[in-house]
Amino acid sequence: MKRLDLIFGERELDAILTALEAAEVPGYTVLKHATGKGPQTVVSEDMEFTGLGANAHVIVFCELETIDKVRENIRSILSYYGGVAYVSEATEL
Amino acid sequence: METNLILQNVLTPPVLFFFLGIVAVVVRSDLEIPAPLPKLFSLYLLLAIGFKGGLALEKSGFGGQVFPTLIAAILMSLLIPLVCFVILRLKLDVFNSAAIAAAYGSISAVTFITAESFLESQNIPFDGFMVAALALMESPAIIVGLLLVKLGAPKNRPNIQEMKWRSILHESMLNGSVYLLLGSLVIGFLTAAHNPVGVDKMQPFTGKLFYGAECFFLLDMGIVAAQRLPSLKKAGSFLIIFAVLIPLLNACLGIFVAKALLLGPGNSLLFAILCASASYLAVPAAMRMTVPEAKSSYYISTTLGLTFPFNIVIGIPLYMGLVNKLIPSIG
Amino acid sequence: METNLILQNVLTPPVLFFFLGIVAVVVRSDLEIPAPLPKLFSLYLLLAIGFKGGLALEKSGFGGQVFPTLIAAILMSLLIPLVCFVILRLKLDVFNSAAIAAAYGSISAVTFITAESFLESQNIPFDGFMVAALALMESPAIIVGLLLVKLGAPKNRPNIQEMKWRSILHESMLNGSVYLLLGSLVIGFLTAAHNPVGVDKMQPFTGKLFYGAECFFLLDMGIVAAQRLPSLKKAGSFLIIFAVLIPLLNACLGIFVAKALLLGPGNSLLFAILCASASYLAVPAAMRMTVPEAKSSYYISTTLGLTFPFNIVIGIPLYMGLVNKLIPSIG
Amino acid sequence: MKRLDLIFGERELDAILTALEAAEVPGYTVLKHATGKGPQTVVSEDMEFTGLGANAHVIVFCELETIDKVRENIRSILSYYGGVAYVSEATEL
Amino acid sequence: METNLILQNVLTPPVLFFFLGIVAVVVRSDLEIPAPLPKLFSLYLLLAIGFKGGLALEKSGFGGQVFPTLIAAILMSLLIPLVCFVILRLKLDVFNSAAIAAAYGSISAVTFITAESFLESQNIPFDGFMVAALALMESPAIIVGLLLVKLGAPKNRPNIQEMKWRSILHESMLNGSVYLLLGSLVIGFLTAAHNPVGVDKMQPFTGKLFYGAECFFLLDMGIVAAQRLPSLKKAGSFLIIFAVLIPLLNACLGIFVAKALLLGPGNSLLFAILCASASYLAVPAAMRMTVPEAKSSYYISTTLGLTFPFNIVIGIPLYMGLVNKLIPSIG
Amino acid sequence: MKRLDLIFGERELDAILTALEAAEVPGYTVLKHATGKGPQTVVSEDMEFTGLGANAHVIVFCELETIDKVRENIRSILSYYGGVAYVSEATEL
């Protein structure tokens, strides 16, 4: 199994989740209110209040094939709006 | 005399708490108002402003100065972003210019209520229907900003976010804070018309509590504004100068129009403040979605880090001084 | 005449803000009231309802209609889940039937206070001791629901959560919202009896502020209820019909009992609402722990997505119309 | 070292933490207010307010033996109430 | 007679809600007030206490008993940690002794306002300037605590956190809660002096709402305090005894000094409470940063888990009884 | 690529982020309000209100060299104040 970690602006959450569901991931978990810094932007806590929104951290445990299905869609969203996506190994308990 | 007004303004609780927030950041106190508490206060303020505005509008009706003022307000929020855009294009690209222009064309509700508090502490009357002007000035500037992008942007913008009219209207009209303000306005209006008992029962919440909640919120705004200052430096001196001079220019425009509309001194100040203030709630949310090419640090830092404090502390009494010179008090 | 009542109900601030929340979801505005702010309002409302109920109960004492009404309330919250269970078993398994039945046997405090606001805006008197009925009706239905599972469930339920009496009582009586409501009731009672100064000093918080906080909370409830609607579709037409007809049936039962108890029109409406409303606070929490086999989307979507809006908007004035027909006003 | 990621309903947090402590994990971290979707349920933010509770994400860094000790207990809780558990590799910094 | 006072104290809403919180933990109800709502209430209370204190101080001026009382307050907050340190060193190392001593030298604002509410319910007058004493007693004890560490710590402390005067002063004076209290005090003072309209408009927020918010907050404090109890057991019997006896001792010291200052009964009780109460807001934050060697469970469990409930429930009426015996009422 | 997970008291966040930025990490993500238990301390939710602060969970995706640069600095902070740091493998999506 693979673990996919996505971090991006909360405002893109719907687009990302739609992409994940289109690829029929078995499930996902969303942690909101993340802050951070990337090559493009700094996201601090007060962003939430200005309406810009903080970051969301999405975790997906799924098979490699699912990741392959989701890759292009996610990449195009992240490259346009910013954000990162990483894959690592995981085994079910 | 303006110095006197500035001092009187500075010595009111809202402005003092605003300073307390700024100083907290400057002296590196660990005072913080954690999320989502600021959101609670901003939701509350929008709801209360809208509701009270609706009550007032129902009382005043749409006759007299009301209709012309509202039309003038909308026109100003179409004109101001165009002026700003021309100036900003001297130094910035289309995306950033349009986004900042939209912010300055739109309004800041907190600046508006601080101006109202100032008028109350000076015993200068003003009309509740000005809130309707506030509500109407939020969206048009966003539309102008997005149109400027549509017209001025290079042809090869990635089509992931091809801007459709629908989404432009959606972002400008249905943004959470615009929606809550307008919705509460309508509710206030309907309640005043049909349910006087409801008006009385809302009063402790939307009326009495307002001033204290405003102070609490301004404490947070002071913290947030001061935290923005460092990234203002990065934005460069052009934007810093812009963020202080443009509100002055827009306020003068506003006072000029207010005079033409024969508004009294109180309403004139509010009109000036609507023109002079810049949005950091509705516009950033809309721009983030539709013009991600624009640097959010630019339109947040200028509006929130400089224009907002400037208006709160110096702008309000300064514009009042101008109003006093140009517009004869009716009383 | 009911249409008139419905219109009068719809034009009160609480119901208007409820609509504002629903419309926000329908037009896809990004208005949201982030967690844990809704929790703040629900805790506040429970505390204030309880406290005010305690004051009223101390004044009224347990004589007259009070004691019979409370007994009848408890009996209703034992009877209603049985009726619902029988109906639900036509289509659903034991677990889902029992969980939904428990929700409908229990009550919704927000529906109750909206009914109170409606009565106030209609100048119809009612008694504070009805809050005690509210408090007493929260738990018994949960116990009935869990008993139905215990009796009806297949023998091979995993024993990880073997239902013991202790945990059944715990989940039904010590659920956070039940506990806060009951506790505040007792505190209100004790304060009224021993510390009149305290009663006055609580009044701005628990009394004056209440209506506005109710409106704010109903705004959120509108959003949440509307978000539930899509999953209602999945639940199927049986549950949709159930969620609208059962409150009607239960309200009629309630009015019938209220007539037998010789309650006045105001109290009768409140009694009907207690029977007609369904719990989405206490019961889901209890069911999640003790009957995880039941689909939470079923008992949340029906109670919150349909029964709650139905009662708030149409139910309250409808039942009032019925009460007016069946129960002679004393005045 | 192993990294154990557990995601499940907040209401089961006590049971899970008790299981972890029984296996004598050296420590754990809890992130609450997670939302998500799985094979069985959708957990949205408004769940928190209805009293159902959102999800919790628990991270444990520990040795493989500890994971072995904890496996059965955790699995039985997750299979009854829902939730996922994944193991991956990690090295101390 | 003290038993009577204790009963009267227990039957006020703030103390009853405190009990409700404690009982919630004891009976394992799932009632919780999620973060950051407690923070909202603590920020509000500090802001309101400070603001009201500033108003009162502006009225009273610094003449009469005011100045001597404030000096005595500062001296007490320097003396008490020394006394505590000597006692604590019997069993604990330098780090833990200093951190706990600092906590007991500093004050608890919530204990103070509960004492004020008690005085109000007993119709015993007191002066608003006592809030200034509260504000001035927060920091000195922290400085004493850090000095004790600086002098008493082994020479080989890791230099990552070499304690500089700057950081000591920073942690003691600019801690968020100290800063907000002091800042609001100054704002209250300035507002009273220059903007009487502002005073009136703040009143619903800082005045009327206060009692209810206090009750809500004490509900949470009850939960938190009760959750601390298990880790108290681990701390051992020495600290448990310390946490109950030291407030008594300090209260006696305080009453003695109050008598010497010729304070009336109300002010004497407040002075005693300032001495007897221990800080769980400002001091832990400061100690965490500057003395990480001290176990936070020690200074949190003693102050919050034992001394705070003791003072709220038994201490206040007990010290009042002592004050009544030792200090003649003026009236 | 590597993934670095840091968990420690919120009050040390500034120190840790300064260390990360000194090592020129390409970015980082911060999740606050984490609770947990470690060899030294128990961090519960009420800590946030007492001013002690809850934990922060910091995630960094970066190259091994960056981790090497950051190692010593982070270790000395964590060993003084408490907290854990783990490294695992990750590949960009």
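Read from first to last, the chains carry the letters A, B, C, D, E and F; within each, the first residue is number 1.
As a convention for this text, a contact is a pair of C-beta atoms (placed from the backbone, for glycine too) under 8 Å apart; a residue touches a chain by one contact, two chains touch by 3 or more.
Quantities reported herein were computed from a predicted structural model and do not represent experimental measurements.
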Relative to chain D, which chain's C-alpha centre is the most remote? B
Quick check for the class: compute each chain's Cα centroid; which one is farthest from the centroid of chain F? C
Cα centroid separation between chain B and chain D, in whole Å? 45
As a quick test, compute the distance in whole Å between the mean CA positions of chain C and chain D. 33
Going by residue number, chain D touches two or more other chains at 31, 33, 48, 88-89
Could you list which residues of chain E touch at least two other chains? 34-36, 39-40, 175-177, 204, 208-209, 285
Chain A partner, complex, touching residues on chain F are 1, 3, 26-33, 59, 61, 88-93
Which of the residues in chain C come into contact with chain E in the complex? 35-36, 39-40, 43-44, 47, 51, 170, 174-177, 179-180, 183-184, 187, 190-191, 194-195, 197-198, 201-202, 204-206, 208-209, 285
In their shared complex, chain B is touched by residues of chain C numbered 8, 11-13, 16-17, 20, 23-24, 27-37, 40, 117, 120-121, 204, 208-209, 211-213, 215-216, 219
How about chain C: which of its residues touch chain D in the complex? 34-36, 38-39, 42, 158, 160-161, 175-177, 220, 224, 227, 231, 280-282, 284-285, 288-289, 292, 296-297, 300, 304
Taking the complex as given, what residues does chain F use to touch chain D? 4-7, 31, 33-39, 55, 57, 67, 71, 74-75, 84-89
